[in-house]
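Letters A, B, C and D name the chains as they come in the text, with residue numbers starting at 1 for each one.
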């Protein structure tokens, strides 16, 4: 049974900062945001976690294996190197959606995301080491069938992007409401979903739904692990297996 | 009348590289992609251009003012510092969509995005310095009304993201098909659109459409300039003006 | 008694790469080198290690607590994100100089630093977890007395730098030959030395030597720990104590 | 005749910041410093300038071709993305030492490097575009003869470093006092010197001095240009020519 540990990362009072005293140059904001995300990818990744960029000013991490001390160190490392600080809410649950709900509430209780006095909140709890299990994390790695041949090499890049984006917009909504999962676009034609314990049918259902609704054909490899790095790598191998065999859904557990 | 110069940036043969000889660790891919985007933001930004991350393996830049020599230097600088190379197609046009179409075709003519022998293509043409005009670039900066109060401080972060994302997915599609514009999510609740010469009505129409279709309320500031940096900064000021006055659309030209 | 674990980091065949097929732009090389160092600082630092930039193409890490699997992951993460690869030799010893000697030999045995066929060597051994002790690492943090008042605010920046540099060049040589220590300039007026078990007299001797030889007045705080992060932080606190009390040498253990 | 434009870059009140309220983690400081240097390399480099890391909290740029507006933008871009700000003094002169002296004085006049109220100073003057000449900048690129064979592949890395470092410490001092030049270690066995108009004899003299004094054998390629990028690339080609012919000094102008 899954037990997902989720961290909600929120840059403190970021919106107002971007326009104070005057709007800051967009290229600098883009650089700041994407580098902060890159750093968090490494800071969590070196502890076997995954971070998704989501909205950049708010990011979501799957953090099984990252304890509260490590969260504190990550928070401090960012404040040592960036002009902004960030708050962290950490929670766990059988369902990633429920876990995230709790993590977000921990931050909301402390004040608005744009409260100028609310800074560097660190709240929540992690899974005690002794209770961590090899099937705590289930990750699904989706991609689009023949995206290069069908889209990238045929359409202008924006129309390719529209196809990928519509597929993603539909999948993220469906997986959240029907399967309690959090799905994130990670570049190219790839989407990674953080899932509760789901089986082959649930994934086939999601792939079918996207195909029927927006006519984008997906396939998906799924992995499980004690931490996101292991689950994610298994999911990638399962997806490679889909590519080799032509299967739509492949579970590697 | 606008004359948008668009650069299609495509990492060469990236998909295969990410899984050769084995799938590479996702956190490293995420770090690589977001840092490459950050670097391109600075490389184009220091020449008054804008880059959008789009799908990360394919990015779109508005590059008015960046000549072919500068494109060559940017291409070389990336190959000097990354394990991957990139190809660049450059084109211009009254409509950003048409310009991008040409830019993409320039790359497609040279081979597939996953052709292992097609590397570091640099093709296309820029607007001659003498023909550049102060209204060549029109950029629109949208954001979501009261996103923090309505979403961020109320919902779990993923549900907030779903709202923003559905608004974006609808706007990007509508602006492309109805108004020949390229719209990019840039983080938070912000979307920047690269537009042909559009007036107040077109923007109001787009905002209304998104509101009616997916119930997300947008507002928008619009700027013009000889280059994206100027147009974008004017758009930001216009958006600040919307915030102050309650207007839905503000044109700063 | 100290037991220093040292990692010799060597970029594979770097010199030839920088001039093939033509000399690469210096600003790109500088960017590549300093970012690689920044990444290694984080990759080792997140595991409580320290890295020193040394010559940038060859770097030296104090890596107590970083096991061989972590070394492999660091090596892979760099090859995933940079156009160059690196080899790693790891060794331990009572004396940091001896440990480094062994680490370097491990690489030299495999071929020249400019052998184009020698890539991503990973050799050596770490201290078994069960044998790690709270005094394995001794780090000394030196700085220059009143550097800002005497130099930075008085001389042109290069002449300030000459003073700092001559102090460093003298200290590094003396500490290596008289006290089996490895001393690294870390910016500003700061030098960090990796030492065997030394007492107050040895540090006073080194400070006196530099003062007499090149007329640069140093002070030093010293810490011990199971890993470099702890020893280094204690050394910083000891140095703060020197600043408060006027002492020249302060041992925090 | 040379006319070097020099920028003294000084992080504002950096020393106190690194220990307030408590000493910050060294790995974060190292990451901050080296990334700031990497960014400045690109920010100046994209405008054909060169930056040297010097002491990291104080850096020296050769900035011919970078006007005051560009300096302002660079200053703003850093403050948008880092937790620290920086002050810039800009000056020109036939002698790089004199130019730097003026640039430093411009900052010193405004207060101490550790004055908490002195922030983001931007003072000085650049060479007017109309007066810029193709021989304004003379750069010399030194390296150590057979460094890999004699040192890297033979000695432990620290002893190799001692040799390189002693060669550098001697050269920097001698070039500054005898030839009004600013010499910077740039990694590996490479040193770049910013020089006034010097001929073959002066370089031969410096190489001989270092050989006689510390027994390190150097060779040097020299280039000239309107900006540092051009002069530096010519110097690299001249140094390649030394490698091919066995010459000790090669002037590429």
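Keep in mind that, in the parts below, a residue touches a chain if its C-beta (ideal position, glycine included) is under 8 Å from a C-beta of that chain, and two chains touch if they have at least 3 such contacts.
In UniProt terms, the chains line up like this: A, B, C, D = GTP cyclohydrolase III.
From a predicted model like this one, the values you see are computed outputs, not experimental measurements.
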Selected pair, greater C-beta contact count between B-D and A-D: A-D
What chain is the most remote from chain B, judged by the mean position of CA atoms in each chain? C
Distance between the centres, which are taken as Cα means, of chain D and chain A, whole angstrom: 43
Distance between the centres, which are taken as Cα means, of chain D and chain B, whole angstrom: 36
Of all residues in chain D, which are in touch with two or more distinct other chains? 25, 28-29, 31, 35, 42, 77
For chain A, which residues count as touching chain D in their complex? 24-25, 28-29, 31-32, 35, 76-77, 79-83
Contact footprint of chain A on chain B as seen in their complex: 8, 10, 14-15, 18-19, 23, 25-31, 33-35, 37-38, 41-42, 44-45, 50-51, 53-58, 60, 97, 100-101, 103-105, 108, 112-114, 148-149, 152-162, 164-166, 169, 172-173, 176, 182, 186-189, 192, 229, 232-233, 236-237, 240
Please give the residue numbers of chain D that touch chain B in the complex, ascending. 39, 42-43, 46-47, 73, 77
